[in-house]
Amino acid sequence: MTLQLLISGFSLGAVYALIAVGFAIVFSIFKFSNIAHGGMISACAFIGYFFQSSFEEPPPFIVTALFTTGVGVLMALLIDTIAYRNIRKKQAPGLYYFLMSITVAILIEQILSVFFGKNLHTYAPIFSSTTFSIGGLRFSSIDTLIMVISLAILSALIFVINKTKIGLAIRTVAISPSTSQLMGINSSVVIMAVFAIAGALAGISGVLLGTKFSVYPSLGPSMMTKGFIVSVIGGLGSLGGAIVAAIALGVVEIFLTYWLGSLSTPIVLFGIMLLFLTVRPEGISGRFAKDKV
Amino acid sequence: MSGPILKTEHLHKNFGGVIAVQDFSFEIREGEILAIIGPNGAGKTTIFNLISKIYQPDKGTIEFDGTDITGKTQIETARMGVSRTFQNTRLFTGLSVLDNVKVALDFAGKYTLLEAMLLLPRRFRTEKETTARAMACLKLLELDRYAEARPENLPYGIQRRVEIARALVSDPKVLMLDEPAAGLNPEEVFQLVDFIRAIKTKYPKLAILVIEHRMDLVMNLSDYIYVQDFGETIAKGKPDEIRNNPLVLKAYLGEEE
Amino acid sequence: MSNYQLSLIMLACISIITVCGVFAITSLAGMFSLGQASYMAISAYLTFCIARYQNLPVWVTSIIGLAGCALVAFVIGMPTLRLRRDYLALMTIGFGQMVQSIIILLDKYTNAAIGFSKIPKVNNLVYIILAITVLIVFMVRNLKYSRFGRMCIALKNDDIAARSFGIDVHGLRVKIYVIASLIAGVGGICYGLRNRVISPDAFDWSLSAEMQILLFFGGTNSLTGSVISAACLKVLPEFLKGVKLFGIDLQNCKTIIYCLLIIVVINLRTKGLLGERELSLSFLRGLFAGKPRDREGGEST
C-alpha cells in the first residue's frame, strides 16, 4: 500500500511541478504572480474534455493532449495580448499586472461555471483496466502514465531552458532585463516564448488533472494554491527547487489524505506553508525573490 | 569639545567579490560639515548606505554619539537621528510636497490608529504641530509656495530641495546629503550652498555629511574632506590641504580632463 | 419602502463596507488580499454559532467574532507581510480554502455546505447597517488623511526610502492588514444578518476577487470612486433579474461583464475611472471651473 501511495504521490507531485514551473517561468520574467495560470488550467481541462467527447469514439489520449497543449499556447498568447501587452507598453506598475491576472482568472472561472454548469465532467477512461501489476505489485495505470508524461515534459523543459538559444535568452532576461536589451535580445520574442511555454504547460497539466480527477470550474484556482506552495517551498524563480518541492508536496498530500481525509489536508498544508514562510522565507533553494532595491 | 557624533572604523563592504568600500574610518563632530569626494564608483554612496543600514557592513564598526550602532536596523538608525537624502531623488510620488515632509515626522506622531480613525482631538493637535514644523522647514528652504504641489510635477532642482527639507524636518543630529548638486545648473548650485549655510545657522549643532564630486562646492563649504578612490581613502584634510595634494589631483582631477 | 428596496440598500451597504476594507489594504498599503471573504466567513460563523449555542445576544458575540478575525489576521499577517507583496495574495487563496475546509469539517455546528440559518432576526436592520456603513467610510477616510495614511502611501511607493525615515514598514503593514480584516469581519456579520443564512461557498475567493475588481473600477486610489462603484455595480445587476440575452440570464453573467469592463478600463484608463481623484466639493467646483485639481492619493511603483 505504501508503495502505491508513493507512486500516486509522485504522479500528483509531477503534475504540481508542471503547474509550478508554468507559474514560475512567467514570474521569473515579469516578477508578478500570474494567477491567470490557474484559469488557463481549468479552461484547458474543459477544452480537452469537450474535444474528446465531440467524437463518437474517443480519440487516443495523445491526440487530446496535443490538441489541448496547442490550445493552451494560443490562449496564453491571447491573454498576453488582451491583458498584459497594453500595460507593458505603458510601463504600468506591477500592481496592474497582478490585477489583470486576477481579472482574467475570474473571467475564465465565471465563463466556465455560467455556461458549463457547476457539475462535474469526467474524461473517458484511457485504460481498460485501472491497475496493472509488475512482480506482484499493483500500480495504478493512470498515475503511472501521468508520472511518465510529466517527467518527460519537465526534462524537455529543462533541456530547452539550459541548452537552447531561446532558453539562454529567457534566463538572461530573467536575471537582468536592462542588460539583455543592451545585448540585443529581442524581448518581444522572449515574452512570446515565455507565454507559449506557460500556456503549453497549462494545457498539458489541465488534461492530466482532468484525467486524474474530474473537470470543474474552480479546478485551476485550487491548483494555483498548490503551485504557490511549491514555489514558496522551492523558492520563487528556482526551477530545480520547484520540482523537488512539488514532488514532496504531492507525496505528503497523498499520505495526508490517506491518513486524515481530504478535508483536513488543506488545513495541514496551509499550516506547513505558514510555518515554512516563518522559518525559511527564502525556500529550500535559498534563492530569494525580492522586490527591486 | 565633546566626542564625535558619528564615527566609523575600518568599514568594509564587498559586492560579490567587488570591493566597494575598504577600510573606511572617519569621524564627524557636532556642527561640522564634512565632505566625501571621489570619482564615480569610488564607493561613496555605499558608505551612506552602510551608515544608514540599507546594507550591513562586512567588517568594521559604526558609532553614533558614543554607542555602537553597527548591528542596528535601518529603522532604528533613522529614529536615532541619522537622516539622509538619496542620489536619485526618492520622493514619495503619491504625496504632496508638504505631506512628503510631514511623513518624516510621522513615525513619532502622538496619536494612535484609533484616534486617527475616529478623528479625536489629539489627532488635530498633532497634525497642526506637524504641519507647522513642516512648513517652517519648507520656509527655510524657500519651498513654502510649492507645499500643495505634487513633487513629480516640479523641476528637478526643487525636488532636490524637497528631499533636503524632508531629511531635515525631524531635527536629526546627522544629515547626510548624497550628491545634492547632481543635475543642478550653476545658479542652483550657488543657491544650494546658500541653503546649506542657512541650515547651518539655523541648526548650529547639526553635523552635515556631503557626498559630492564637484570640487568647487565642497571647497567652499566643508570643514574637512575625505577623498575616496576605488573604495579606499587616498587623502584627508582641510580643503586647502586637499587642493594641493598631488595624489588627489592625479586620481580625481586627472579624471576630469 | 418595500422590503425589496430595503434589502437592496443593505446589499449596497455591505458591498461598500467590504470594499472599504480592501481600500485600506490595496490602495493605502499597496497589498493584494484575496482572503477578505474568509474573514467575513470567520466573523460571521463565530458570531452566529456562538450566539446560537451559548444563547448570547448577537452584539456580544459579534465582538468575539471580530476579535477572532483580528487574531487570525495577525497570525497570518506576521510572517507573510514580511515578504513580497504578491505572497499575501497567493497565501490568502490558500487561507480561503483552509477556512472553507474548517467550516465543512465542523459540520456538527456549522451545518456544513447546506448553510447555517439559525440567525436571529434584528429589527430596523437597515438603519443599523446604514449607520455602520457611514461609520466605516468615515473611519477609512480619516485613516487615509492621517499620519498612518501618509506612511502607508510612502511605504507603498518606496519601502526603502520609507524605512530611512523611521517608518516601521512591517509593523504598519500588519496593523493595516488587521484593520482591513476587521472591516471585512463587520461586513461578514452584516451579510449574515441580512441574508439570514451563511454557507461556506458564499465566501470563496471569487468574492474577495470581486471586491478587488469593484475597488479598481472606481479608481485605484480614490475612496469615493470605490464607494460609488461598490454600491452601483453590486446593485445594478439586481435589476437585470430575469432579463435574458440569447437565452442566458444576464444576472448570472454580471461578473463576466465586470471582468470584461475592467480589462477594457485598465487598457484604456489604467488608473480606474476616477484615478486618484476624490469626489469632493472642491473637486466638483474645480471641474465646473474647467480645472480639475489633483488630490492626494498614491501611485505604486
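A, B and C are the chain letters, set down in written order, and residue numbers restart from 1 in every chain.
In this section, a residue touches a chain if its C-beta (ideal position, glycine included) is under 8 Å from a C-beta of that chain, and two chains touch if they have at least 3 such contacts.
Note that the structure is predicted; figures quoted are calculated from it, not measured.
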Q: Could you pull out the chain whose C-alpha mean position is farthest off from that of chain B?
A: A
Q. If you average the Cα atoms of each chain, whose average lands nearest the overall Cα average?
A. C
Q. Cα centroid separation between chain A and chain B, in whole Å?
A. 48
Q: Provide the C-alpha centroid distance between chain A and chain C, rounded to the nearest whole angstrom.
A: 29
**Q.** Centroid distance [mean C-alpha coordinates] between chain C and chain B, Å
**A.** 41
Q.
Residues touching two or more other chains, restricted to chain B: which are they?
A. 54
Q. What positions in chain C touch 2 or more of the other chains?
A. 160, 299-301
Q. Using the touch rule from the top of the page, what residues of chain A touch 2 or more other chains?
A. 293
Q | Partner chain A, residues of chain C touching it in the complex | A | 30, 32, 34, 75-76, 78-80, 82-87, 89-91, 93-95, 97-98, 101-102, 104-105, 159-160, 204-206, 209-210, 212-213, 216, 220, 248, 252-253, 255-256, 259-260, 262-263, 266-267, 270, 299-301
(Q) For a test of understanding, state which residues of chain B touch chain C in their complex under the given definition. (A) 52, 54, 74-75, 78-79, 83-84, 86, 90, 92-96, 99, 102-104, 106-109, 111, 113, 116-119, 123, 126-127, 130, 150, 166, 170
Q | Residues of chain A that touch chain C when the two form their complex | A | 32-33, 35, 82-83, 86-87, 90, 92-96, 98-100, 102-107, 109-111, 114-115, 218, 221-222, 224-225, 228-229, 232, 236, 263-267, 269-270, 273-274, 277-278, 281, 289-291, 293
Q) Which of the residues in chain C end up touching chain B in this complex? A) 138-140, 142-143, 146-151, 153-154, 156-158, 160-169, 175, 179, 221, 276, 294, 296-301
